[in-house]
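One chain, subunit A, appears in both complexes that follow, with subunit B as partner in the first and subunit C in the second.
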Partner chain A sequence: MNVIECKGLTKAYGRRQAIRNLSFTIEENKITGLIGRNGAGKTTLLKVIAGFFRKTSGEVHVFSYQPFNNLKVSANMIFIDDNITPPTALNLQELLESAASFYNNFDMELAKRLFDYFSFHPKQTHQSLSKGMKSTFNVIVGLAARCPLTIFDEPTTGMDSAVRRDFYRALLKDYIEHPRTIIISSHLLDEMDDMLEDILLMKEGQVLLHSSVLDLQEYAIAVSGNKQVISNWTKTKEVLYKKDIGVGNTYVVVRNELNELDKQQAHIEGLEISPVSIDDLSVHLTSNDKGGIDDVFTRD
Partner chain B sequence: MSLPEINTWRLVRKQHAFKLKSYAGMYTSLMAIQVIGMLFSLGGVSSGGVSGDEHSIEFRTYSSNVVIAFTFLWAFISSILITTRAYRNDDFTFVTNRLTSNLSNLLFLLSASVIAGITSIMTGNVNKVIAYFFYESDYIIATDITFQGLLMGTFVTILYIFAFAACGYLVGTIVQFHKLFIVVIPTLIIGSMFIGTNTHDTSLLLVWIMDTYGKETSILLFVLKMIGTVGLLFLLSITLSNRMEVKQ
Partner chain C sequence: MIINSDGTKPIYVQIAEWLETEILNGNIQADEKMYSQYQLADIFNINPATAAKGISILANEAILYKKRGLGTFVSIDAKQIILTKRKDQTLKKLVKDLVVEAEHLNVSESELIQLIKDAGKNDEGDEE
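Our next item is the complex of A and B:
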């Protein structure tokens, strides 16, 4: 059963298309990482799914309903980002109680335990919290709500690394106990890749890649060695990224379609083969064609 | 995967309960504006005098009229306030759609109007008590108000306040629809007040409003007119805002 189905989905702000002709499906009870550079259209996509934005064209179905203005979708979905500004008149305790009254599956006991663990005070107000604490509180609500579709849009903004690690762990533990569909958009892929099952990679409003983390780990391979040798060796291969290191040496990332012969040949010619982390891979895949930041500083 | 059915009306009531708590700022501003209204009425809401060769008469009246007028203003402005982005986005933190959000706003404004109506009527008595104890006067002419009359007065005041709230809510919604209306609406309202002033003493629009809503003597007709008007205003607001997106 697919929780989210998009077909040719487009969302435009005036003339600018934030997402273009997107098609993908997300199955029930999977944790999907939504990865992409700034401005790739991640937040726009998530807000269309959440029913906050109206699609411009194409199809989007959440639990097989159109999400915009749909109560069922709203009741079974929670959207957590760092822009949540709850009413100023309520303190944290009252906010938790309000959330519990709206979401049927809300687990107050879990919320309370997390609340104490992260040393919140019930009488504090949301706007008196620091940025990282705000994010932490929002995430507690998002976890405890136990919605069949849980969307975290950059949930870890401002959190320190210890809290981030705790959050990933809490998310994973609660997910194992209560499986549900979770989408997390984040830049910090290297911290979460052991938690995610699928990755949806976006670039310039389009889906670049949608595959499981395991496949992605095998997707590409890095080779480094003599520049001349490498350029000969990569002639028949799809080069994803290329960088000169030192004098006469090159580091390339190629699509992993090597057979044993390729590997042996590389070995004979003194090339070094290493795996590519999916974090690096996603950066390579989503980089623009303008070269690296180094090129900005290279004047010739 | 089957999802449980959502009862719209139950959700509206939940949101209403949530708003009664979370819009606490409204009550504070209501109190503030009524206190200011009372300060303005301390010396009497209207006064006058007649003097002859041997006598001079000076009279002052004490009532809640000023406070009620201030409360109208409060209702209008508060309703605009809850249509603004920050308040609308509050709803979308939890379960909602645009219809339930509007309906619970309507219920909230009705509750707030009831509170505001009762308190503003009561300030009239406070004024009279203050006048009795603190001002020197030779005669006090008190108008007898029966309990029934008081109830009726409160009820009518509540309806008026709610009508102002509905106007404010529509204005706020239109402005959210497009920012240009911040300029257009005041222009239209002020401009329309000049229509008819070249041939008559007062504006045709104001005369019509006064005749329709202010001079109705049948309570039943009055209630029907008010409910009809308020209903129409909210219907317009709901229709307009039903396609609005949630932006931060």
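Our next item is the complex of A and C:
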């Protein structure tokens, strides 16, 4: 079953289209990572899916309903980001209780155990928490709610790396026990790509790639070695990224269409082949045409 | 074993190799139930789909067999298949790399053979 279906989806703010003509589907019970540069339209897309924003044109369906102002979608979906500002009159304990009253599947026992593990105090208020603690409290609510569609938009803002690790682990363990559809947008792809099943890569308001992590890990390959040898070798290949190292050496990332024979040949010619992480790949694929940061410092 | 995430080997391949080692060591015997994709996902902190791909590699090589509704089990011939595969593929490839590297370094064949013999001796020495 498809939980999310978008077809030609566009959302504009005035004249500027934050997302344009998006089409994709997300299947039930998968963890999908939403990746893209700042301003690529990730948050806009998530808020349209969550029903917070009204689409401008195209189609969007969540659990087969149009999400905007839809009660069925709201009851089965939770959206966690770092801008949540709960009522200031309630303390953390009361916030958990009110979340539990909203969401049918809310697991108060899990929420309490996480609450204690991360050393929260029931009488604390949300606005008194540090940035990282706010994010941590928010993800506790997001996990314990066990919504069939769980959306995390940059959930780890401000968390230290130990807490981030704990969060990824908690998410995975709870997902294994209670499979559900989860979307996480993040810039820390290296930290969590092992946990994801699919990746949706956005660039300038559009979907650049939507693929399984397993396929993306083999999407590209890096080759380094003598400049001349490389430039001959890449003539027939699709180059995604190129960087000169020192005077006579080059590092290139190409589409991985090599067979074992190609690899052996490259090895014999003295070229070094290495895999490309999904994080690096997404940086290469979403880079703009203005060259790299090095070009900013090159004055000739 | 700790999953090596520097990307030199895909995680699912590492999972498959770890399972093979479990079988070779006798930790899981013939006709015993193999770890499920969810157990592996929990042990190695990875997506269950990645773990499933590791399992399916071994199933395709007849090292594991599936029983509908019950899970995956270790084949009778599992050990033999793994040993043959490692000799034919892994070991041969390592030797090939070794020979190519030796050529790069102008190490003669007899020198290389001597190095291999020495390495064997050192290993024996370590065990004492």
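Assume the second predicted complex is superposed on the first by the 298 of 300 C-alpha atoms of A that agree within 3 Å, B and C clash if a C-alpha of one lies under 4 Å from a C-alpha of the other, contacts with A are read in each partner's own complex, and residues count from 1 in each chain.
Basically, a residue touches a chain if its C-beta (ideal position, glycine included) is under 8 Å from a C-beta of that chain, and two chains touch if they have at least 3 such contacts.
What you are looking at is a predicted structure, and each value in this text was computed from that prediction instead of being measured.
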Subunit A as common anchor, with subunit B and subunit C clashing or fitting: fit
Subunit B versus subunit C as contact partner of A:V296, first or second or both or neither: neither
Touched partner set for A:S212, first subunit B, second subunit C, both or neither: second
A:V247 touches, of subunit B and subunit C: first, second, both or neither? neither
Of subunit B and subunit C, the chain that contacts the larger number of subunit A residues: B
Contacts of A:N70 with subunit B and subunit C, given as first, second, both or neither: first
Touching partner for A:I268 - first (subunit B), second (subunit C), both, neither: second
First, second, both or neither for A:I31, with subunit B first and subunit C second: second
C-alpha centroid angle, subunit C to subunit B via subunit A, nearest 10°: 150
Touching partner for A:R169 - first (subunit B), second (subunit C), both, neither: second
Distance in angstrom between the closest Cα atoms of subunit C and subunit B, superposition on A: 21
Residue ranges of subunit A touching subunit C (in the complex, touch as defined): 30-31, 168-169, 172-173, 176, 194-197, 212-214, 217-218, 267-268, 270, 274-277
Complex contact set, residues of subunit A against subunit B: 1, 3, 28, 47, 51-54, 63, 69-72, 74-76, 79, 83-90, 94, 98-99, 101-104, 148
Subunit A partner contacts - residues on subunit B that touch it in the complex: 1, 3-6, 8, 11, 14, 17-18, 21-25, 86, 89-90, 92-100, 242-243, 245-248
Complex contacts: residues of subunit C adjacent to subunit A: 3, 5, 7-8, 10-12, 38, 41-42, 44-50, 53, 97, 100, 104
